[in-house]
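What follows is chain A paired twice: with chain B in the first complex and chain C in the second.
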Partner chain A sequence: MALAIEKKAVSGWLERLLKLGEVIAPTRTPTGDVLFSNIRSGSDVAWNLPNPLHPPKEFVLPQTDPLVQIKRNGQHHEVEAIHDGRRRFLVNARSCDVKGIAFLTRMHEMEPADASYLRRSNNLTIISLACATPCPSGFCICTDSGPFLSDSYDVQLTDLDKSYLIEVGSAKGEAAVAEAQGLFRKASEDEVSQRKRLEETAKHHFGNETCHFASAMRRISTGRVPDILWEKMSDWCLECGGCNVICPTCYCFSVKDLGRDGVWVRCRLRDSCQYAAFTLEASGHNPRPEKKDRMKRRFFHKVSAQYYTRDGAVGCVGCGRCVQVCLGATHMPAVVAAIRKGSWHE
Partner chain B sequence: MWGDRLRQPLLQRNGKQEPVSWDEALDCVAVRLKQLLAAGKPVGVLGSARATNEENYLAGKFARVGLGTNNLGFSYYSICAPLLAGVEEVCGTPAATLRLNDIASSQVILLIEGDLAETHPRAAGSVLQAVENGAHLITIGCRETQMARVASLHLQTAPGDEYEVIHELSAAVADLGQGRPSVSIRNDAGQQDLEQHFGSLACLQAAEWITRAERAAFLIPPTCGEENRQWKTAAAFTALAAITGHLNRPGSGVLPLLARSNARGACETAVVHNRLPGFERLDDSRSRQRLEDLWGKKLPSAPGWDAEMLLQSVSGLVVVADDPPSVMPIGQKAMTALGRLEFMVVLDAFATPTARIAHALLPISSFAETEGTFTNMEGRVQKLRPATNAPGEARPGWQVLAELCARFDAAASYDSAADVLREIGQAAPQYVGIEQRLAKAGWSGALLEDSAKQKLRIPPAETIAFASLRSAERPHLLALDPAFDWGSDPLVFFSPTLSRDFRSQRKAFPNGFVEIAQEDADELQVRSGRRVRLTSVQGAATVPALVRDDLNHGQLIVPFVFRDHVSNVLGSDSVTAVRIERA
Partner chain C sequence: MNDVFLPDLACLTGLCDETPDTRTFRLRFRDSSKVKDFRFLPGQFIELSVFGYGEAPFCIASSPTRPEALETTVRRTGQLTDALHQLGEGNEVGVRGPFGNGFDVAAAEGKDLLFVAGGIGLPPLRSLIWNVLDERSRFGKVTILYGARTPADLVYKRELDEWGKRSDVEFRVTADSAQPGWSGAVGVVPTLFRKVDLRPKTSLAYVCGPPIMIKIVVQDLVALGFKEEAIISTLERMMQCGIGKCNHCAIGHRYVCRDGPVFSYGQIKELVD
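Let's look at the complex of A and B:
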């Protein structure tokens, strides 16, 4: 059953959520950047901000993720797990980022399950806002991750001008709505059909230009991308790792101990599969010594049928962030197009 | 916190660095330096290409007003000085006449290629963008790098011999007779010389692209060879931009590719032995007067020693965030020089090799913990904002330097880094009003105004010509790759992810390596890891070989980080003819 909430009542709802935990939303910093960060009051959410450059994976998979504290105690070492059990509400996230976190959660639930990740994701409730107009570099329609969601969300809002239509998609979502029962009403039939119309219009805004994952997937999965193409493409990558940093579905990491005065904290650090030494082995052997090998690996993981079958989705949510940050020219749509055509810049 | 951060002031006692209070440390520094001055012993100051403008400016002021000396420099200057001098020779200023964003809209890019994608990825990104938009990229270099592979034309040359190609290009330009009329080559001898070297078809094609282009970008990093060769290469390169009409023209120009965050800022705040703030000449009487009025003191007029000379000659040294053994081409010789100092005080955030042997160590905030500004190579002044607190008792560098100045009667009452920047605006003409402009700017900072159009000067061809070093007896050229070794920068070295490649390279090759071409390797029958013996007129060394398929026959390259392993062969030069054999 769809619900609705008047726009002016939303801040009251968020106030209630603030009493339960952290509320995180896109905010504009004094220097003009848009970031996901904690808000202090229910009226602090600026609903019309562009999607932040950094996806909200920080709240499930932080850049530096302290896992275990190791302390020297005489002849022994004491080891203690570090728990982050804070309850968080992520408000005004876009559909692509909801799908991004759903992707990460599916991956971290696989055996052996990742307790540190799941503790955070189980305590995270996402209240997303469906996109009535696509963002300039987004292509979520090609990756089944927007502009509106039909699954994976906790609560999905649709902007109906004076009110928001509320769709609840999970038990966590139900709990968030139950916190302020009095503020919601049953949505009218008119409101429900208005949401459907908005979704159709939003889809049409994408036009015919789409990113052809299916054809790229067939070629990648059956080894029909010639090595020379990877080699050519890799000359247009500057190995900055920016695509990994801002990708909502990237989760490669390395492990480092941060230590001082006999206490060490073992941390998981986000890493980049595009860096030469990421796969460097202690013997000096590197299974992916060339940039083309690393690029091939990255796109195989994101686009191949092998992973599609396992994950039920391509490893891309069409947010277009890599298009914005790529220092070279090898972002997802460009590479997918090149694979489909079998040529690069010709 | 990753890595070794300095948390409290340390003084060396009985051969050990022991923690002391700030007052005790600063008093000790003042007393020791004053003792040296009283005894008539030379002292000097090193700033740094990774220190802020404010820190560098105060380091310069401390040297000139506090210590009364022009013995002043920074380690990276010994790498980029010939390049800057060459550009200055033609343009009248060493400052970039091209912005990074101009590169992307250029129609032609002429690049002296070290490995731009590796050393300057941001500039390389703009180059790729231009190529994607149909620009002609012409690379001049000794290997088939990434940029060379995407180039329309790659002009192969031996390391340090880029001049020969530039010369050929200039000849081809002259031959095309399409040099823009605003500038022309007047020197007759030069003209004849040019005609003799009538270029190859490739050069002719390149010359045609360059002369026809509305907007052309000329990118040049520090090259190899002794100072004079580097200077000439840069002058010839800039002269080519001048004769094709691409200087003093919007969207076109020369961009000297400097490394590190603040090499340009360190020049313009004048931690340079023969320059004043604004990079003006020490003997420029108007600049001297302006500074004497501002600082209220007479300035020392005798030119000082540059960083390298200073290391060999002073008794007392103040080091601000510099680390000569990791940055200077002389490598470990710098460490030896530091070891014989009577007194050295180091201001740094990190325990660098230099900091570890300091007599006094003053911990300062890193770039992430302090206010201040950096000026990048295109002249963009960018503001630092503290993102976190400095560890332990570390203080902002500008504050520590201001305190030192005060102990030496060099008026320095600043309440903030912005006060220092305001004074820089009075000292360096390019920086007038910069702090107001920065206050309004976001992350992108504020671009320094272009300097007033200077009269271009084309040096006569014979003054910039030189011959190749290769000889029949020693058919191979050994060159030291001049690209800055980022692995030695503490910001990279202490970052677990960024330092990984550098650390693993050092671990895998504890004896360094020399890159040799596949062809040479086949001839000598060596594989990667096998040792080869290199002999030059200066001496010999044995190092492991690393076989590369993108190098030309006869070319041998040693990465900067491994320079100490071949210092016997290179002598004081960075390129030399050698004989190579299996060891």
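Let's look at the complex of A and C:
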């Protein structure tokens, strides 16, 4: 059953959630950037901000993720797993980012399951807002991750001008709504049909920024992308790793001990497959010495049928962030188009 | 659910210098129940922590038939291995694992076995070799061929003597270049193929060593009539998590840490990167 909440009542709902845990939403910093960060009051959520450049994966898979506390004690050591049990609500996230976290969760649930990640994701409730207008560089319609969601959400809101339509998609979502029962009412038939119309209209707003994965997938999966094409494309890549940092589905990591003098924290640090040292071995041998090898790897992991079969989705949620950050324009839609056409800037 | 990154503590209980830069470390878990519970297959590896430096993957060099002595042989070649070589008996390290598929010992039963190792490639095979020798009657003819750049680079020198003396093992050793006092064979490992009775139709061949040596040995074995599925090797990659998550060791959609490190030559040929 669909519910609705008047817009003016939303801050009261968020106030209740703030009593249960942290509430995170896109906020504008004094320097003008938009970031996911903790809010202090229910009225702090600015619903009309653009989607932050950094995806909310930080709240399930931090850039620096403390895993194990290590203390030296004479000849001996004490080691203890670090648990982050904070309950958190992520508010005003977009469909693509909900799908991004769902992708990461599926990956970390695979055996052997990663307790550190799952503790965070189990404690995270996402209250997302469906996109009635696609963002300029987004292509979520090509990756089945927007503009509206039919699965994977905890609570999905649709902006109906004076009210939000509320769809509850999980037990965590039910619990978040149950916190403020009195603020919700049953949605009217009009509101439900309005949501459907908005979804249909939104789907037709996607312009040229589309990404046809099928033929790229066929070629990548069977090794039929000519080496010279990878070489030409990788010539444009600056190896900055920005695509990995801002990608909602990128999770490659390294493990390092941070600290000194007998007290360390073993951390998972998000890494980039585009860096030459990612596969460099102590002996000096590097199985992926060239930039083209590493670019090929990135797109194999995201677009190949082999990974599609394993993950049940392409490793892309169409958020368009790589389109925004990539200085060499070797972002997902450009590379997929080049593979489909068999040429790069020709 | 287990904290997959939490290491078990282990004490270094024995050190043995193999070459000027390679040392064997014997480990004993601090937790006595772990000593009993730690079961592994030859060819599997552990993530070894040197606290403050992190962890790195090393193959288990000892045999599962001798569970009291868990050993790994490490060449000093980077920050972490430098730090490991600074540790002495009684010092503590961390251990996660065992990881990887390991050698299929049951599949080798009744077969003739050919081991071909180069330099620091012997440790993973040593685990399997001692497993085979400790259960000698389960297997057919055992041939061990081992070579290194110089005689000084040969590891497990006392064990090589022991294998050389056994009547149930055909053992040959060679050095790429001789040194004063070396009376053994000179030449690269494939030159030993002519000197032994290879049985391509009934054998499994286990090949470990530097990439160039593996390439040449595999070519020769195929030319001598070994089937691609009967040539078995281990791949090396910079494995960080050991559980197929961090992506450092991915080759296509396969993970050396989880799907390997043991692969047949036929499987290696099919990996698409």
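Just so it is clear, the second predicted complex is superposed on the first by the 343 of 346 C-alpha atoms of A that agree within 3 Å, B and C clash if a C-alpha of one lies under 4 Å from a C-alpha of the other, contacts with A are read in each partner's own complex, and residues count from 1 in each chain.
Rule of thumb we're sticking to: a contact is a pair of C-beta atoms (placed from the backbone, for glycine too) under 8 Å apart; a residue touches a chain by one contact, two chains touch by 3 or more.
Everything quoted here is computed from the prediction, not taken from an experiment.
*Asks:* Evaluate whether chain B and chain C can sit on chain A together after superposition, giving fit or clash.
*Replies:* fit
*Asks:* Using C-alpha centres only, what angle sits at chain A with arms pointing to chain B and chain C? Round to the nearest 10 degrees.
*Replies:* In the superposed model, the angle at chain A is 80 degrees.
*Asks:* I want to verify the contact counts: of chain B and chain C, which reaches more residues of chain A?
*Replies:* Partner with more touched residues of chain A: C.
*Asks:* Counting only touches as set out at the top, which of chain B and chain C does A:273 meet: first, second, both, neither?
*Replies:* It touches chain C, and chain B stays clear.
*Asks:* Let me test your reading of the model: by the given contact rule, A:287 touches which partner, first (chain B), second (chain C), both or neither?
*Replies:* second
*Asks:* Can A:343 be said to touch chain B (first), chain C (second), both, or neither?
*Replies:* Once the two structures are laid over each other on A, A:343 reaches no partner at all.
*Asks:* Is A:68 in contact with chain B, with chain C, with both, or with neither (first, second, both, neither)?
*Replies:* The second partner, chain C, only.
*Asks:* May I ask you to decide whether A:236 touches chain B, chain C, both, or neither, giving the answer as first, second, both or neither?
*Replies:* First partner only.
*Asks:* Considering only the touch criterion stated at the top, classify A:256 as touching first (chain B), second (chain C), both, or neither.
*Replies:* A:256: touches chain B and chain C.
*Asks:* Please indicate which partner A:79 is in contact with in the superposed arrangement: first for chain B, second for chain C, both, or neither.
*Replies:* A:79 contacts chain C only, not chain B.
*Asks:* Using only CA atoms and the superposition described at the top, report the least gap between chain B and chain C in Å.
*Replies:* After superposing on chain A, chain B and chain C come no closer than 7 Å at C-alpha.
*Asks:* Where on chain A do the contacts with chain B and the contacts with chain C coincide?
*Replies:* Correct list for chain A: 254, 256, 260, 271, 278, 280.
*Asks:* If you look only at chain B, which of its residues touch chain A in the complex?
*Replies:* 1-2, 117, 121-122, 124-125, 128-129, 132, 146, 149-150, 385, 442-443, 496-497, 500-501, 504, 508
*Asks:* Which of the residues in chain A end up touching chain B in this complex?
*Replies:* Going by the criterion above, the answer is residues 31-33, 235-236, 238-240, 254, 256, 258, 260, 269, 271-272, 275-278, 280, 284, 327-329, 345.
*Asks:* Help me check something: in the complex, which residues belonging to chain A touch chain C?
*Replies:* Within the complex, chain A contacts chain C at residues 67-68, 70, 72, 75-77, 79-81, 107-108, 110, 112-116, 118, 223, 251-257, 259-260, 262, 264, 266, 268, 271, 273, 278-283, 285, 287-288, 293, 296-297, 300-301, 304, 306-307, 310.
*Asks:* Sort out for me which residues of chain C touch chain A in the complex.
*Replies:* 1-7, 9, 30, 49, 51-56, 77-78, 80-81, 90-92, 94, 211, 236-238, 240-241, 243-248, 250-253, 272-273
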